[in-house]
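Note that chain A is present in both complexes that follow, paired respectively with chain B and with chain C.
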Partner chain A sequence: MIRYEVIVIGAGPAGLSAAIEAAAHGLQVLVFDENAKPGGQLFKQIHKFFGSKEHQARERGFRIGEKLLAEALGLGVKVILGAQVIGIFAHRQVTVMQGDHMEYYVGNSIIIATGATENVISFSGWTLPGVIGAGAAQTMMNIHGLRPGKKVLMVGSGNVGVVVGYQLIQAGCQIAAVIDGAPHIGGYGVHAAKIARMGVPFYLSHTILQAHGTKSVSGATIVEVDSFWQPVPGSEKNLDVDVICLAVGLSPLAELPRLAGCRMQDNPLKGGLVPVCNQYNETTVKDIYMAGDAAGIEEASSAMIQGRITGNAIAHQHGYIENTEFDQCHTKYQGALNQLRAGMFKRDSRKETGLRYTQEGYTLSKTLLTKGFLSTSELSVFPGIPTEVRRRQGVTPIIECTQNIPCNPCQDVCPKGCIKIGDKITNLPVMSASSCLGCGLCVASCPGQAIFLVDETYEDQFAAVTIPYELVPLPGEGSKGVACDRAGIPLGEAEVIHIRTTAYNDGTALLTMKVPIEWAMEARFFKPDHIGEGG
Partner chain B sequence: MKECVIRRTAAKEPFMAKLEDSMIVCRCEEITKGEIRQAVYDGMMTMNEVKRYLRTGMGLCQGQSCSRKVRDIIAEEMSVPRETIEISSARNPIRPVPMSIYANDKACKRR
Partner chain C sequence: MYRIENHPILHQFDKGQRVSFLLDGKEMEGFAGEPIAIALRNSGVLVHRYTAKRAEPRGIFCAIGRCNDCVMIVDGTPNVRTCVTPLQAGMNVETQYGIQSRGAAENND
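Right after this comes the complex of A and B.
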């Protein structure tokens, strides 16, 4: 029996953060993970994260993972990989399968950070190869460098569905459609808009009826559902796809706290059966703590803060920090967590607002909620959209950020302070000054890729539109292609006049295209002429 | 085996087959929706009972994929809200363990 002060089960964002926090205060920490690599889901996350500086916003997930791991190892945290915790017994004994044998450990405190598992839905043909979870698609693409297929039906329009949809396009797949049983897109509008402008159609109030194929998926039938979730006869559509990707939610992996005798609650808002925890993430069993999705589904940034809260509480419990420092840290972390939990997408606010108005009172875009893009007519009222008069004076950012989500890197990166969000990070960004340099830092740092630069003074009758671009191969300067509008509908020919890539922008190129001036407020995507099968 | 099970509630009506009965719900153990519906008809009223009757959730993934679906089917068949159907119990080991590991276990050998 090997004893550690703290045993952490799961080396994902929550587990590593908890380990770091505890080790930084001087505790001796051991972390188990059943995978061959630590970092959990972070290493599959190639997109830039939302939030503010303290949440490491505008960093790509896998880079946050690398930092966490280095920090943990630097603090002397011991991480054992390929180690499956198979049981937890009285007095915090943990049985671990390591390779070909069992090892037995005991922790003075245990942190359970086992994360979540993907939900599946069953339909005729759902066991065919080619029906995969969105997480599996990410593992194939972003860990193993494999393309899951050629043409994908994405089931589920939450953030996972739309973000993985975008990554599938980056990997060279086509998305035939994103469907969702709900009448509104579940994820952030800005994530949906990224793929809508690449031509991906959204079918809301639709469900999958059947996967076709004998040896693997060769097609899918989707059908519209009425408000009672019953299929509408005659509304079936057949899609030619070879992959059906399921992004229909997550369930907490909470068997270990159940086995440890923690009181559980079945809470739909938390994704299912989770242990009852106090504000420091301690379960009803003394010295058994939780962190991250295993205690309730949120997202990686929240999981990291939850880990900090847990680690801080354990350091205090063991007498490694004084009351004042503990309280200060806890208040700081709780504040950061509350910021992420604010906004119109928080767990329970959708019913309150009915998804009709922003917190500032602007009417939300209906087309964004149902089709994934903003219509030009809805756009002009938002505070990030400069007036026609301002646009005629030269280059300006167009901030197409119209929903209250917790995010503010645009405010932080602007060297001229043109963009104001304020202390409440769910506020919509406001264009407040006219001294734009055209540097494009805001364009590349917006995790929602919702900021564009428009210069209507570029040439007589022509405007320059700068968009964030993350597809390969990167078109060369002078190359021709097609400018598409927010719905992905081709407007006509455009020429790439400038490409900017910098280390700071971390893979997000700034592509400036020359378009006729009447498309200045329409053209939001560039499709190179030479584009291959991937689209 | 099924004949040996005493019906907990007298069936008022014969079992009605449904179109999607042939659909597999528990992939690891290859159990169909029809079998689960039949189990409920036969008197299995909780997830644990269905599990012991059919082996749903006892395969490689230990119910990670199917347990929600099984719960929904039981709830639907019994016409009760899904929350009233208790989730099946968790047991050590929570991951499949090869018997060779237990056979060679230091802690066991000492005894």
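Right after this comes the complex of A and C.
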């Protein structure tokens, strides 16, 4: 029997952050993970994260994973991989299956950070090969470099559905449609808008009726549902797809605290059955703590802060830090967590407002909530959209950010202070009158890819529109293609006049295209000539 | 086939040596160290097993070793999760029928 001061179960964002926090205060920490590689789901997250600087916003998930891992190992945290914890017994005895044998450990404190598992829905044909979880799609393409198929139906329009949809397109797949039983897109509008402008159709109030195929998926039938979630006869549509991706939510993986005798609660706001915890993430069993999604579904940035809160509490419990330092750290982490939990997409606030108005009182775009793009007529009221008069003065950012999400890198990176969000990071960004350099840092830093540069003074009758571009091959300067509007509808020919790639922008190229001036506020995607049908 | 040669964010993927292995006696190719299921998917193989009672096809579902849908017989051992088992040169992979190989399943009849 080997004893450690802290045993962490799960080397994902929460577990590693907890381990780092505890080890930084001098505790001896051991981490188990059942997988062959640490990092949990972080290494599959190739998009830029939301939040503010302290949440590592505008960093891609896998880079955050690399940093966490290096930091943990640097602090002497021991990570044992391929180790499946099968139970926690009396006196915090941890039983671990490693290969074909059992090992026994004891932790003075235990942190359970086992994460979450994907939900599924069943329908006719749902067991056919080709029906996969959205997480499976991410694992296949972002870890193993393999497309899960050619043409995909995405079931679920939450952030996982729309983000994985975008990543599938980056990997070279087509998306036939994104469907959701709810009448509104569940994820951030900016994520939906990324794929809408590439031509992906959204079908809200739709569900999947059947997956077709004998040995694997060869198609799908979707159907509209009424307000009682019943299929509307005659509304069936057949889609030609070879992959059906399920992105229908997550459930906490909380078997271990349950086995350990922790008091559990069924809490829909936390995504299911979770242990009851105090403000320091300690369960009802002394010295057994939680961190991350296993204690309630949120997202990776929150999970990392939860890990810090837990690690800090354990360091205090073991006498490694004084009361004042403990309190200061806890207050700091709690503040950072509260920032991420604010905004209209928080589970309980969404219920109250029903996604109708922003906190500033602007009416939300209906087309954004149902089709995934902003209509030009709805756009002008938002504070990130400069006036026509301002646009005639030269290059200016167009900030198409219209929902209250906790994010502020645009304010942070602008060297001229053109963009104001303020201290409350869920505020909508406001364009101020000061002069834009046209550097494009805001365009590349926006995790929602919702900022564009428009120069209506570029040439007589022509405007230059700069968009974030993350596809291969990168079009060359001088190449021709088609400018598409926010709905992915081709407007007509456009020419690439400038391509900027920098290490700081980390894979987000700035593509500037020349378009007729009347498309300046319409053209938001560039489709190179050699690419066929969008989506 | 399904390999991503050039990814806009991740660029190239580090792969092991190209190796051959057997699927139901037929020679296949993949990269050493990648999950068996990935090598199979790239070759267009989606069916990993047939269920015991209704002989329904099953393949990759979760790709992280949780759902057990992708199990196959690997070097004689049934119920091996192919999505988390690294491919090695010369492996003998068999489609699983219920909990056994096709030959064994037919002998039962």
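The criterion applied here is as follows: the second predicted complex is superposed on the first by the 531 of 535 C-alpha atoms of A that agree within 3 Å, B and C clash if a C-alpha of one lies under 4 Å from a C-alpha of the other, contacts with A are read in each partner's own complex, and residues count from 1 in each chain.
As a convention for this text, contacts are C-beta pairs under 8 Å (C-beta built on N, C-alpha and C of every residue); 3 or more make two chains touch, one makes a residue touch a chain.
Worth saying up front: this structure is predicted, and the values here are computed from it rather than measured.
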**Message:** Output check: A:Thr117 vs chain B and chain C. Expected answer is one of first, second, both, neither. What do you get?
**Reply:** both
**Prompt:** After superposition on the shared chain, which partner residues are touched by A:Leu273: those of chain B (first), chain C (second), both, or neither?
**Reply:** first
**Request:** May I ask you to decide whether A:Leu471 touches chain B, chain C, both, or neither, giving the answer as first, second, both or neither?
**Result:** second
**Message:** For A:His101, using the defined touch cut-off, is the partner it touches chain B, chain C, both, or neither? Pick first, second, both or neither.
**Reply:** first
**Fill in**
The answer to whether chain B or chain C touches more of chain A is C
**Request:** Applying the touch criterion given at the start, work out whether A:Gly448 contacts chain B, chain C, both or neither, answering first, second, both or neither.
**Result:** neither
**Prompt:** Is A:Thr127 contacted by the first partner chain B, the second partner chain C, both or neither?
**Reply:** both
**Prompt:** Which partner does A:Phe89 contact after superposing on A: first (chain B), second (chain C), both, neither?
**Reply:** first
**Message:** According to the stated criteria, A:Leu256 is in contact with first (chain B), second (chain C), both, or neither; which is it?
**Reply:** first
**Asked** In the superposed arrangement, what residues of chain A touch both chain B and chain C?
**Response** 34, 117, 127
**Prompt:** Can you list the residues on chain A that touch chain C in the complex?
**Reply:** 34-36, 46, 60, 62, 117-118, 127-133, 135-137, 139-142, 144-149, 170-172, 214-216, 470-474, 507
**Fill in**
The answer for chain B against chain A in the complex is residues 20, 23-25, 27, 33, 64-66, 68-69, 83, 87, 89-95, 97, 100-102, 104-107
**Prompt:** Hey, which residues of chain A end up touching chain B in the complex?
**Reply:** 34, 84-89, 95, 97, 100-102, 104, 117, 119-124, 126-127, 251, 253, 255-256, 258-259, 266, 268, 272-273
**Prompt:** Which residues of chain C touch chain A in the complex?
**Reply:** 2-4, 6-10, 12-13, 15, 34-35, 38, 41-42, 46-48, 56-66, 69, 83-84, 86
